[in-house]
Structure formats: structure tokens, C-alpha cells
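Reading through the C-alpha cells given below for one structure.
Order as written gives the chain letters A, B, C and D; numbering starts at 1 within each chain.
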């Protein structure tokens, strides 16, 4: 396979996420960004110089999709446009990288999954945290059996998304933001499901918002807490708090029949260590700003490797990611009805 | 008031809690334990020597209650006996200290509150953590306005209660244990309500138990997670996990319009500190085993001081504590129905 | 078995080791020290009061051995007397606890093992570190496969035994001290063999002594370093340094195909943690003086439990311990010949 | 002397070591790299720009040696070429900087030493750790007498050299790698000899290799442990472990008649500190990645300063470095014969 030319990637949108994607794609062994499409006028020469390779620019998505040189489309723009862009890309027989959220309604997500399947293209949703060192190590602790069978787990996202972030311009509206879970908390809920399994029986969720004027522009509840009843009897919880004023905290607490893990600390009965004190794992914490961890790059490398083999994207394919979004939509439905139980079908 | 003789306290039960109570009562300026009642035969001389003062022993509660020298009865025995003992004490016109849980059903709790009111005696429930340094400091952070208006809060209890504790002998049964919240998690839920207020609109709760054989003797679910919708729009969450295998962790995370508090860390916009890093409060952490913190003693001192003034016990009177137990009973009702919303009346 | 009376233990010798043994034996559920034999006159009433139970005193070993009430003899006296005392105890049909070293020559050790077997009594050598939390956790790391297959290991004993210890009175002589390994380093070599296996092909050893006048009374080399070639191809090393002037350091470094362990730190590829930084285990370090760890008590409990079942002592039976002493004698033979290779038979 | 022009240095080889050398040489007050020789085509203008000064490029060593402007030749290429290149340089009357290992056989090393002496040129072997802050501080502790007379010492090298390092391409073969000691462990053995002296009587060594497939490409044993008997009666040990999976650890433990040093910790009876706890030295640890320590630069400065005075290189001259390599060759000979004693002549 190594003799094949690299995959040409066309990026839709040119904001913060796009910049991070371009660097990460170009750092893989198999992908190169060769085109960018934005409604804002872009200078092809400037982009080429900045990203270290020839990049064409397009002003309209249909033009980019019509470019036969493009193998993969990377959709990084407004969530409210995701469905139409992804479906069009699938019809143009392009493989698809899709920033989270997949889309802001279950119908749109279903359309995307269906279109990719119908057109035989592969998809990769940017739940890149699944490829982070922290979640890989946490998953390995489970795989090695050091925590036993989990019966309770929490993964939470505490991160204030205020005017100091560029996305604040558009994610405050319901149309593109959606909910605390959709706009950012999905990473935490997805991590919880990665660690405890996707077989959810029912959820209950409550939501609210901060009284701070900083977050007043948000049209929707920016704090939510969701509890999950898994089919195997286990229970879980995710808080998605995007209107807090504190350091970023990606909180993980797993409780099993052989021990517990709290962030980078753990106790395992299997190791006969002192239960009164935590042992500590060396891992690159998501909330530490450790720049030596590259989840985007690892995820994109895995996508290109899968394309080489004609295989589905591991961990974050469209059907896999849809499972998480189905839970999110159920949680948001519960929160809208003040905690009513919503069963997963 | 200082010229009055100290209050004579008769203790019902003589287990771990009783020993802690006796030392704490005798350490106050206004209380002295003068009698102990236990179904096991006790040696009065030995008890007197051990606790540094003359102590009478009784084998039957009615005999202790008939002792006119007793001012206050301290009920520390099996929860299933609390209602009858407390009602009898009230009828005997004794003031009452009552270990948690008040009782294991809403009817029993209501009977206790009613009996005390009808007989004009004062009550104090052992939610002694309200008098701990950690919760006092946390409460002060709120009172000073440093976190603004809270809209989200979590207080959790992670503490494995296994055969290594004496209470395991009796708290594994539903009769005296009740639920994860009743047997121990009530401290966390009570702390959450102390910090966020008692005006709860509705709750949802899920429960499960560990697969570890260590906890197999429990007849009820030993892990639960509850989310709360407050009448003022705020939301909260309490996990009560008594079947974990890890260091004791009393977890607090409060999110408000001016900042957040996470255990002994905080950020407040009012102090203009660096939002990217936590500030740190010096407090005596409940889960640290700091022996210089004496919440029992502080609570009993407050009770005796209130009796001196003919006033109700602050913070942990029977009616105040009942509010917490009402929420616990609602949560357990929700958990029994897999998360169904239970409204508070 | 629980209805059986506890094992009556008669202790030979009454120095530091004896005191530690008595407390540990009495802390088990199945052993009680009922007699002590010492060449120094002892007051039975004083001993009984001190150790909380009736203790008879003997001046001659043969009198203690003739006492039919004694089930187990605990030999804690001078190493040069171990062989004769252990053989006599075996002939008297007493089970035997034997402080390390078993004896100071291979012939004496062989005599002890043979006498116990011939008389059908069980033996337990005080390699109590095998029951310490640190070595149990380290062993569990191996059993869980977190270090893979070991190919290199070091366990070392750095502990200055000077006039500040009571044993200095007698362990400075070759007769009772023997060598750096025999007098104390045997714990480290035994731990290395516990972790890497007893199948040793050959050893090389060098020895020397400090120039400090503090250690001048020693008649033998008080520092030695031994390298071991295991039959499975792995290699190991033990330094036994009893003439150092530094804090006690029990050093462990294991290197395997999946990671390494250095004292209470480790890296395991299986956990995908950051190889550039150590993870850390909560364990009770042997050199920390942690008084909550009770290896003597755990070892004696295991011995009494084995006696209840008529089984051999696990981990530290006479035949098991002999394997370690055979390696020690080989190492000392090598050191005497300046490092010449000594093959194990 | 300062009025003399700087020494012109021609570098043979252009890999990782060469880059580090060039920066370090140019950072001295007396050396400038003016030529580079590589079998790969190099662009002189690019090199000149990169290293901040005019650099000529050569494709053949004989051409570089024929350049009369070159004062010093710095040999950084494959170890199997060291002997021929160094002998040719000596004949061309160039002074010589030589990366470790000097060469991979005693005959080659002897040839190099002899050629330099015969042609009156000076040599400097890159045992640059001798000029590191850590070893300078450790040496100073000895020189100040704070540890007294050493009788036991260990210096070890634990550093996994896997495919993540460029040298893995060539150092896995016996021809250029040689042994665990030759390829990297020589730094630890050299440090031990720097601290304990070069007068070695005999050595014993054992070697093995990891079962991990990561290190399978190695043609030789990648773990070895060597014990040394010094002529003054002291003993020492060096482990060279290049197939471990753990953080880099350069381990030092010295034991003397007045105290001990363990990495950056020490105890000295002369300072009357508490023997139960380590004191701590502030030093730049070799294994910490402290970029403020510049052993290469310090070493090259010392070489140029010696050349200015017509003196031999201190600490790392050819004859001095040969002493270390003689011990290494003896150790590898012992390991090949499973630990047999090898006497130094």
C-alpha cells in the first residue's frame, strides 16, 4: 500500500478547527490537504505557504466536490450545514471527515449515516479524544482487568466557552450550538460510552444556565447533567458545563469490582497496593494542555490506514459515532421535559 | 447561663458512634454523659473510668428514660429502632440527639418530628459534617459571594463500607441499612442541600451494585446517583457509592456565576486571579483523616448552647434534617422505578 | 478448625527479634507464646504482664523442648546454635519457626531440613519480607503481566548495622555473623529469587569492607555484590551493604519485556502510559518505617493456617528457604575466590 | 594565546552526533567547524547558513584530511570506521576528536592510541559526561572528602534504545553496535571509573536480552551487568541496559567510610546531619533532560585550551579513555564466557 499516493483532502470551512485539522492531516504519513473551501475569500498562495504545500481555494462547496483530485472531504464548518454538506460529499463519492457534532438533530445524523452507506464512502467523526493518551491509558486499565467490572462511571466536561473563543460568535445560537452536550459536552459523554459501552437502556437529564452576563448570549441551557442506566445494570453520569468560570477540567471517575480510577489516579485490588492511598499513572491529561499528545493526528492516521485497507474507521466511524449522538438526543429530550425518563430504542 | 449545671446525657447504644459521641459531648462546655443503655451487659465502673466521670448503666431504654436526672437522650443504636426510641424519649420530655439516618422511612421520620414538637423537646440530627471545617469554609465562600449564584453543584460520597468496618455486621440488611443514601450517602446529599438550598422541585435517581464478592452481603443497591432540579432553576447531583474499592473521597464541585469550587480549589472572577489555574484554600478535608477537625463536638456544643437559650438547634434540627431525608426518600423511590421523576411536594 | 485451641509457642532467645516475634505471634488468631527460654534469668510474672498472657520461663533449651504443652518452637537466638536447636526441636516433634539465617553453613542448613522431614514437623524461616506489602505488590505486578517477562533484576540491601544496634554485640564475629549476605543481605537476595525464580545456573560475587572505624569490629567482609545467571537466561544482581552510613534503602529494579519497576515506580507498555515518566504505586515501602505493615504477623498467621491444614508453610518453608541459602553459600564461596564462577548443582 | 586564530575543525559524518558537536564546537571560544565530510551529498551553502559560518563539504575522508586549513578532525561516523579514520587523521597530523566508542576491539583502540602518539597529535574521546554538572558535583563530593574512602560504587545506564532513535538503524548490528557496554553503557562504566579509579584488578560480567519484539533486531546482548574488583580492594558494579522500557535513568550509588551518595542525595557523617534522612544536592541530572547543562561544549573548550598549551586533553585523552575501553573489552570477554573472571593486565 505504501506506494500509493497520499490521500488528497479538501477542507470545508477555515476556522480554528480547520487549522488544527490541516496541521494534523499533513503530519500523517498518508494525507495531504490540497484544497480549502470557505465563504470568505482566501489567498491560495498564502495558504500554500502557511501549510507547506500547494492548496487550491474554493468559494463554493459544489466546486470543491466536483474536483476529481479530492479523495476526502473534511467538514469543519457550521453544524447546521453538516447534513447537507455531508450528504453532497457522499453523493460525490468522497470519503468524509466530520467535525463534531455530526449534526444537531437525530434526523440529520441518520441522513448522514444513510448517505455514506448508500454511496459506499467511509466516514470519520472527530471524537478525537478516543485517540488521546488519557483515554487510551484509561481504556487499557479496563482491558487489563485492573478495575474489574465497572458498575459506576462519570465523565464530565467543565470548560467555559465564553467570548474569549472564536466559536462563541456562532455556537451561542440554538441553530449551530444546539445544547451543552452537542456543542462540546459530547466529548465527555462519548468518552463515558467508550469506557462503559454503548448499550444504554434509558437516560434522565436536567439542564440550566449560568446567571453570569458573560454567557447571556447563549440561547440554550449551557449546563446539563445526565444519568444513564446501562443494559448490563451499570449506571453512569455526565455533566456538560460550558458556562463555568474555572480551569478546564475533564473529569473521569470509574468504579469497578476490583478498584477505581479517578483522572490519573487509581487503586486496583489486583495489585495488592494500599487502598488508603491512590497510585498514580503517568498519562498526558486532556485538560493539561500537554502539546506532546496528538489525538487529531492519531485519529486521521487511523482513518487513512483504514482507507488503505478498505476498512471502516475504528472507534469513530459514522455508525459508531451515531450511537453517542443518539444518547445525546435522548438526554436533551429528557432535559427539555425536566428529567423524564427517555428509553433508548 | 454559665452557672447552670451541665446537661446530663444518656446514651442509647454502645458501639463505634456512641464512643465518638461520648468523647465529643464530654469535650463540650455544657454536656456530660452520665448514663449508657445497652442490651449487652456493661460494667459501670469500667465505663466511668474509661470516660472520666460517673456513668450509670441501663439494660432497658425505658429505665434510662425514667431516670429524672437525664436531660438529653442520645440515640446511637440500630436505625430500625430510632422511631420508637425517639418518640418514647420525646414523651419522657427528654431533648434528643439522633444519629443519622433519622429513620429508614418517611413515616417514621414524620413521627419523630411530630413527637418532638408535641412534647416541646428539641432535637439534633447528626449531620455533623455541617459543622466540619470543610463545609464551613465552603459555605463561607458562598456567603462572601465569591462564586456568585450557583447553578450547578455536585457533592458525592465515595467510601467503601466493607467487612473491615464494624457496622458491616448490621448495615448490609435492608432493615437497618436501607439504601446507599440512607446508610452513608446522606452526608453528601445533606451537604449539597446545605450549599444549594432545600427547595427541590424534583429528583431522578438510578442505583446498582458492585460485582465484587466483598459487597455481596448487601441486600440493597450500594451505588446510586441522583440528579436534582431546584425550584430556583439550579441543578445538582449526588453520587452515593458505598461499594467502591479506593481511598475515601468526599467530592465537592460547585459552579456559579462568578466562579467554581472543586474540593479545596477555587476560581473567583471577583479576585481577578488567573482563570487557567486553580487557587487553593487551606481547609481540613473530610476525607483526609485530619484529627484536628471536630465536627461532632462543634455540633453538640451548638445544641447545648441552643438549649441554654431555649432555641432550636441551628442547621440540624429535626425539621431541617427532615428536609434532607424527604429528598432521600424521593430519590430512593425514583431509583426503585429506574429513574422516574419524583416531585417534591 | 476454628474450635481447636491456639498453638502454644515456646521462644528460644529473648532479644530484639524475640520481642517482635512474640507480639506478632500473639496478634495472630491461632498462636500464643506460652514459654520463653533464655540463658539470662527472666522473671515469668514480668514477661506475662508485658506480653499479656501467662508465660513460663526456661533456662535450658532441653527443658523447654520437654514441655508437652509446647506445639511450636521459635528459634531466635545465635545463628551458630540454630542447627543444634532446630534438630533437637524436630526430634522433640515440635514445629519450628526459625529466624534467618537458617544457619551459617550449607551442612548445617541441610541437617535442619533433613531433621524436620525425618520427624514430620513443619518449618517456617523468617523471610518475612515475602509477606510485606511492598513485595506482595511487586509480585502482583509480575503476576498481572504488567512487566512482561523479566530479563534483568536487582534487589539490594543498603543498611548500616553499627554499634547502634543490639545485634552488633554478636553479629560482628564470623561465627554468628557469617557474611554480609548471611547476616542481613539474605532478605534482598531472597526477594530477588522470589521475583525472578530460584533456578539459578551460576553466581559470581565480590566482597570488601568499609574503611570506617565504626565497622572495624567486623571479622568478615561487610559489603558484597553478587551477579546471578538464571537458567532461563535472565540475569540479576544483589548488593548486600551492611557497612554503609546512609538511610536504610531496600532497592528494587526489575526490567522486563513490557516495562520496568523501580521501587514504587513503574512503567508498563500494556497501559499505554507515557514512557518518559514513571507511574507510581501506592505501597508500604520496607525502608519507610511504615508501622501499618505487619510482615511478621502475616507470615506467622500463614504458618498457623498451614499447620491447621497439615500443609507446608507457603513461600518460606524449610525446603524453599534452603534454595535461597544455597545461592548465598555459593555467592560467598565465589567472593572468597575473588569472583570465580560458582555453578549451582 | 587569545590572539591565535581559532582551531578549524573538519567533521567526519553528519548525523545526530555531528549536529550536536558542531553547535558545541562553535559555542567554544577557540573552535570553528569549517568543513564536513559525508558520503551523502551535502550542500555547502545550506550547511554554512544553518551553522552560521562558512563550511566546505567533502565526499571523501582523504580529501578532508588533505585540506591544510584543517587543524582538528572530529570523527562522528560509524564505529567500525573509527580506527582507519583516526589513524589516517593522525598521519595527516590532525588533532582528533573521537566519538565513543573509540572502536569496537582492543586492537583497534590500541592502534588509535599508538598512531596519535607516533604522530604527535592530541586526542579527545567523547566521554563528555565527565564534564557534566552531575559528575562534576559527584566528583567534588569525593574530592572534599565528604564520603570518605569509597569501598563500593554503582553507576548504571538504563535507557531503551529502540526504533524511536535514529541510531537504531545501525547500532543493532554487532559490527557497529558491539555490545550493551560499547554502544551506550560505556558512559556509565566510564563514570564509575572516573569516580573510583582506573586500577581494576578483575571483572566478571553477565549479559542477556529482552524478550520484547521491539528489541529483536539487536544481534547482540543488550543488557549486561558487570562487577569490578579494584586493586585497592574496593568493588563496583555497572549495569548497561539498552533494552528497557522506562524513563531514562542514570543511576549512581557510592558508599564510603564517611557516607553515601545516591544520585542527587547524600549523607555525610562529616556534616553531622540526620543519618535517617537523605540530604539533597542541587545538580543538573543527566537523566532529566536539563538543557542548561552543556557537557559537549565544556569538553571541547577544555580540548582547545589544552591544544593552546600544547598539553594533553584532561580526563578524556586517548590514553585515559583507553583505560575504560580496556575494562569494557574485559567485561565483554567475561560475559561471553558466562561470568568467568577476567584479570586486567
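Everything below uses one rule, namely that contacts are C-beta pairs under 8 Å (C-beta built on N, C-alpha and C of every residue); 3 or more make two chains touch, one makes a residue touch a chain.
Please read these numbers as outputs of a predicted model, since none were measured by experiment.
Trainee: Using the contact definition given at the top, which chains are in touch with both chain C and chain D?
Mentor: none
Trainee: Between chain B and chain D, what's the gap in Å when you average each chain's C-alpha atoms?
Mentor: About 67 Å, centre to centre.
Trainee: What's the distance between the Cα centroids of chain A and chain D, rounded to whole Å?
Mentor: The computed centroid separation for chain A versus chain D comes out at 49 Å.
Trainee: Taking the mean of the CA coordinates per chain, how far is chain A from chain B in Å?
Mentor: Comparing mean C-alpha positions, chain B is 41 Å from chain A.
Trainee: For chain A, what residues touch not just one other chain but two or more?
Mentor: Residues 267, 276-278 of chain A touch two or more partner chains.
Trainee: Touch graph across the chains, line, ring, star, complete or other?
Mentor: Drawn as a graph, the chains make an open path, so a line.
Trainee: Which chains are in touch, pair by pair?
Mentor: The set of touching chain pairs is A-B, A-C, C-D.
Trainee: Can you tell me which positions in chain A touch chain C when the two form their complex?
Mentor: 133, 136-137, 140-141, 144-146, 267, 270-274, 276-284
Trainee: Quick check: in the complex, which residue numbers of chain C touch chain D?
Mentor: Touching chain D from chain C are residues 148-149, 151-152, 154, 158, 160, 201-202, 204-212, 223-229, 233-237, 239, 241, 243-247, 249, 251, 253, 255-260, 262, 267, 269, 275-278, 338-341.
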